[in-house]
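When the chains are written out, they are named A, B, C, D and E in that same order, and each has its own residue count from 1.
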Amino acid sequence: MHYLSDGFKAAFTILLSGQEETFNAIFTTLKVSTFSILLTLAAGIPLGFILGYYSFPGKHACRAISDTLMAIPTVVVGLLIYAFISRSGPFGGLGLLFTLRGVAIGQFFLGLPVVVSLTASATEQMEDSTRLTLMTLGASPGQLAASSLWEGRYAVVAAAMTAYSRIISEVGVSMMIGGNIKWRTRTITTAIALETGKGQFAEGIALGIVLLSIAFIVNGAVSVARKRAAS
Amino acid sequence: MHYLSDGFKAAFTILLSGQEETFNAIFTTLKVSTFSILLTLAAGIPLGFILGYYSFPGKHACRAISDTLMAIPTVVVGLLIYAFISRSGPFGGLGLLFTLRGVAIGQFFLGLPVVVSLTASATEQMEDSTRLTLMTLGASPGQLAASSLWEGRYAVVAAAMTAYSRIISEVGVSMMIGGNIKWRTRTITTAIALETGKGQFAEGIALGIVLLSIAFIVNGAVSVARKRAAS
Amino acid sequence: EVLRMATTTSTDNTGLLDYLAPEFLKDTGIELQWVSVGTGKALELGKNLDVDVLLVHAPEVEKQYVQDGFGVNRRQVMYNDFIIIGPPSDPAKIKGKTVKEAFISIATKGAPFASRGDKSGTHVLELDLWERFGYGQPEKENWYIQTGQGMLDTINIAAEKVGYTLTDRGTFIKYEDNYKGNPPLVILVEGDEALFNQYSVIAVNPVRGDHLRYDLALKFSDWMRSDKVQKMIGEFSLLGKPLFVPNAK
Amino acid sequence: MTYIYELENITQSYAGRTVLEVSELKIERGSILGITGPNGCGKSTLLRILAFLERPRSGRLLFKSIPVHDINEQLRREATLLLQETRLLKRTVFENVVYGLKARAIKEGLTRKVHSALEMVGLDPEDFAGRHWFQLSGGESQRVALASRLVLRPEVLILDEPTASIDANSARIIARAIVDAREKFGASIVLVSHDIEWSYSAADEVISMFSGKIRSKNIENIIQGPWEEGNDGTVLRYLEDGQIITAAGKPGNEYSMGLLDPGDIILSLDYPGNSSARNTLRGTVTRMNLEDEGRSILVTVNIQDTVLTSRITKGSLSRLGIVPGSTVILVFKSNSIRWA
Amino acid sequence: MTYIYELENITQSYAGRTVLEVSELKIERGSILGITGPNGCGKSTLLRILAFLERPRSGRLLFKSIPVHDINEQLRREATLLLQETRLLKRTVFENVVYGLKARAIKEGLTRKVHSALEMVGLDPEDFAGRHWFQLSGGESQRVALASRLVLRPEVLILDEPTASIDANSARIIARAIVDAREKFGASIVLVSHDIEWSYSAADEVISMFSGKIRSKNIENIIQGPWEEGNDGTVLRYLEDGQIITAAGKPGNEYSMGLLDPGDIILSLDYPGNSSARNTLRGTVTRMNLEDEGRSILVTVNIQDTVLTSRITKGSLSRLGIVPGSTVILVFKSNSIRWA
């Protein structure tokens, strides 16, 4: 129990005293997760729409794969990416291991199935009359996609936020690919893992609170934007 | 790279040779995740509906909290629950630590925000005419909730699957609360973490494949059920 | 210039590397970047040529590793020792006994014993001890808890189960520190020859990859074994207790 | 006389705009009341209040003589509304129709009840009961929605545009079903429709609304602006063909609508000689409808694009000998025009 | 003569049921074609094919004399459909109306165009342009949907029930807007409506469909079963008041519908003496409509619940001197009834 109160106290101390290490981890987390989510949305929303909207052979298989990949443990994604970008792997020459770019690639694969599956299910749930309305107004396939997603914007935003949550809270990829190297690739979650591993639970909780504060601010910004878009 | 081929080979070996340890972990995983997801859905769907449907003071705050909690790292949930159920915590007497019941509690808190937020957003997106139609047919508040959710069943199923994915793939709570105790609380994900820690990456990937196979089967069952419900 | 090292969690968690790395930079101009993982994973990262140097503690495995051509220049740099800890009530009555007596007493009384079960240096030693005392590894015994986790987590589990475990001293001191010197588990057996924990530096075999900074790895190895650093290691302490004993050869 | 609804000073507003202002309305138990009026005049809003879907902003609403404070599903189960924007549940036709019965925990004779409701709206249960919501045409959906209300045998049946997109034949079947509902289980019925003839065929009485207010127990002619000022305190509306409508009083603004009761218009074959009526307009008869169970006839006259309807007796009609296509003179007083 | 559409043997089926079978249909460029027919007869299905929203299962479709193989948005931009189940986008009225223009990358005069489209459907742009989709009444939404099609000035304008839930006054405004669309930018127009009078007021020609087929360039009386066998190879329909309709030929089954062209029904004041016509039914005139720009009159006669419409000339009507409420005799031959 005392971890809780200690954790809250520690969280304030960290944020107020301006511990350089922690700010570095916060900054790293923001940088890599922003990059990852943008990549994920750019690829995932169109893919999800195609998967939910069009009928093509193998559609159900694709959907099943995407749904299943939502359940891939982050460390397994870490391992798989590692197999490719390790020096002894096929892309070893790119020098992605222990870099934030490497982490972003892994997080992209973590977020992608979430965005694809949730966007596809939002698209599936779209009323047929919305589709027909857009078609009768002369929308091209691209406009149809964009406008359908706009009609279902709540669900798309929810998909994005869910994916962002998965990305910002994951530790498997950041640890395996990033390596939790201090000042370089240490993110809040790997720092939490480190503190917890050291038995410094209060510090772990404090960092968790810091992470949640970031998520809270991001969510707040998104819902302000959403409210603005709705009106 | 060779981890991949080795991983696939190992996955087959594990499943075909019937390694007792692995089957024990699979069984534990299924048991605890089934229990957790049922708990999560039972609480999360009604809460999500209330949050998306009714207007009440503090609604937006609740929604923001739920959205934010989607981003809580699994290990932080593990730590928080630990603080309560460890011997020195207020519920230490219940003996929940290092038990599957303890893990299920933690996973419940992991899955809850996902179900609540996604159900709420599905409910928000519900057409007003659906709500009015149900009301004119004389639905009571409970029937209204059930039928609205049934009308938006794709989104609710997507919420459930996303939450299940988070639960089955998480490692923080299982490790912290379950303790990864062999023959007792070792799940597939904690086993993966262990193998990875040992440097046995191929075994880690193999277990990942096993986990994904389970997720695939669960998803398959859900989509068959969904198709049946749709027709 | 950057030297990448894979090491075990004990060196990182105790803060030893945070203590040494700035000094290394000052002395050689080389930045040390390390990932702290289990011994097995550290060795695997070396095998995959993802790091240049290793700092690990599992002598038998290390020898095999070098023999297999994955590593070269294995050098001992320091040791700490293992201890058996348990609750002050000591239900198996092992306090002050030899390791052998203690293990046998725990096994016959069926007192809870937490094993790391993760092929770490500590785990390898523990298995070796069971073997030596003619027990074989207890597997499905109710009292034998295989945690598959790091040392501190394993200690915590032992504490929750009011049982025993085998740990390295460094982690235990850290554990004591977390409890402000009043921990639920205390040292019951120590000082036995069988409980030595040797740390070595191994360079990853440079013939296996062109990009490897073997030169830097050797510099690090030499630096670690220099008198100055050996002294620093000896002075490194937590709660006023020294953690490592330098023994470079 | 017992009233099922009594409304006093009921108002409703959305986004700060008052869209409904009913100073008084009493609806008799067992009556069939038709409501008509232009788009946006507040009909659906009134119906939503009668169906206890929304609370009026102010005013007193009595249901079966009891003031309504809280609206809940118990009340809604007594007064069932067919929404204007009908929407089927994403289920089969059978499940749509049975929904309300199940909601009321009724378990007996479900199939029989559903089938007979489908028959009432002219759908063959064999063909339709098993269909999915998306396997229906527009009119078929509308009829399923109506069947799912009829099956409930509610005390009050409120229908918002029940015949929109229903073919003429089926509209007659539905009118019959509505009258049957009153006769078989004593329902009181309120219906909104733009099809005035149809409304008369089903309803006892048709009232008309305008800008949120109940204007008259009657159909109204609506004369749209622009109005120009005349030189003797009157206002003038120039019609497309150059003829002029003269009205007394002051319109709210240039574009106000003038209301003219069909009963206030006299038809004649020639221009009257000396007459106190300021308005004498020539037009062509386009339509003649028997109204109100044969008691009177509505004659629709087009003056190019302006359409006015006059109510006359069968006797007058025979005497004048006019038929659709005849040229007639419409005669009415300037102060017969009231302002909306 | 140039045709905008030529259809040959077009069929469509859903779930294995054929719902459309058009053996031939040619629509002239610049014409306004009305389509009517009972619910579920395939009107909307036909319109969806004309609007290139779905491909027919079989048959040949020519658009501007070119066979249509692939349907795509280029084609859809030339033929715009107002859906029966109109749905606004979740945006403001302005954004709804401007959507199609933006889709076509039109950038100039958007505001002006949108405002004039709103005015065409009788909505005040000042009041409505800024409203949200949910701040409209049923008829207002319908009119916004129509405006968002009119604004596109498409070559073909296809309207599915454009006046459902539109008040009579506004329906006239819309009819005018439709005629204007033809005159101002040469649109060809196809419209479906259950309001036959309104159809005639807007269209050049009204055709009727039945069970997926185009039955006639005419309105039809529909006589529903049950039919019973007569003793001389005829079938009989007993009406509610005991009178009998006799038809020749074989209906598909007991409940088949008989079709009867209004032009085949003769009105008379007395029972004719010796006549070859088997059917002589007595009924009451309930309605008389001027049709087809004054060339003929439709007289609607109720025989209790059965309603039959006869088409007669203005001359005949004057000679007979009937008015709504008069009792008349309907005379028609048994083989005038065709089977659907």
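Rule of thumb we're sticking to: a residue touches a chain if its C-beta (ideal position, glycine included) is under 8 Å from a C-beta of that chain, and two chains touch if they have at least 3 such contacts.
None of the values given here were measured: they were computed from a predicted structure.
Student: Please identify each chain that touches subunit B as well as subunit D.
Tutor: Chains in contact with subunit B as well as subunit D: not a single one.
Student: Can you list every chain that touches subunit A and also touches subunit D?
Tutor: For subunit A paired with subunit D, the chains in contact with each are B, E, in label order.
Student: Nearest 5 degrees, what's the C-alpha rotation angle taking subunit D to subunit E?
Tutor: Rotating subunit D by 180 degrees superposes it on subunit E.
Student: Among all chains, whose Cα centre is located farthest from the one for subunit E?
Tutor: Most remote chain from subunit E, centroid-wise, comes out as C.
Student: Please work out the Cα centroid separation of subunit B and subunit E, and write it as a whole number of Å.
Tutor: One centre to the other, that is 55 Å.
Student: Provide the C-alpha centroid distance between subunit C and subunit D, rounded to the nearest whole angstrom.
Tutor: Once rounded, the distance between the two centres reads 88 Å.
Student: CA centre of subunit A versus CA centre of subunit C: separation in Å?
Tutor: About 35 Å separates the centre of subunit A from that of subunit C.
Student: Whole-Å distance, subunit A centre to subunit B centre, using C-alpha means?
Tutor: About 17 Å, centre to centre.
Student: Send over the residues of subunit B in touch with two or more other chains.
Tutor: Those would be 127, 176, 193, 196, 201.
Student: Can you list the residues of subunit C that touch 2 or more other chains?
Tutor: Answer for subunit C, listing residues that touch two or more other chains: 47, 150, 153.
Student: Which residues does subunit E have that touch at least 2 chains other than itself?
Tutor: If we look for residues of subunit E contacting two or more partner chains, we find 85.
Student: If you go through all the chains, which pairs of them touch?
Tutor: Per the contact definition above, the touching pairs are A-B, A-C, A-E, B-C, B-D, D-E.
Student: Report the residues of subunit A in contact with subunit B in the complex, numbered from low to high.
Tutor: Listed in rising order, the residues of subunit A that touch subunit B are 1-4, 60, 63-64, 67-76, 78-80, 82-84, 88-90, 114, 117-118, 121-122, 124-125, 127, 152, 154-155, 157-158, 161-162, 164-166, 168-172, 176, 189, 192-193, 196, 201, 204-205, 208, 211-212, 215-216, 219-220, 223.
Student: In the complex formed with subunit C, which residues of subunit A make contact?
Tutor: Listed in rising order, the residues of subunit A that touch subunit C are 86-89, 92, 97-98, 179-182, 184, 194, 197-200.
Student: Quick one: in the complex, what on subunit D touches subunit E?
Tutor: 14-15, 37-40, 44, 84-85, 135-140, 143, 160-161, 164-172, 176, 194-197, 222, 224, 284-290, 294, 297, 305, 307, 314, 317-318, 321, 323-325
Student: Taking the complex as given, what residues does subunit C use to touch subunit A?
Tutor: For this pair, the touching residues of subunit C are 4, 9, 12-13, 18, 33-36, 47-50, 150, 152-153, 155-156, 174-175, 178, 209, 211.
Student: Would you mind writing out the residues of subunit A in touch with subunit E in their complex?
Tutor: 127, 129-130, 132-141, 143, 147, 150-151, 231
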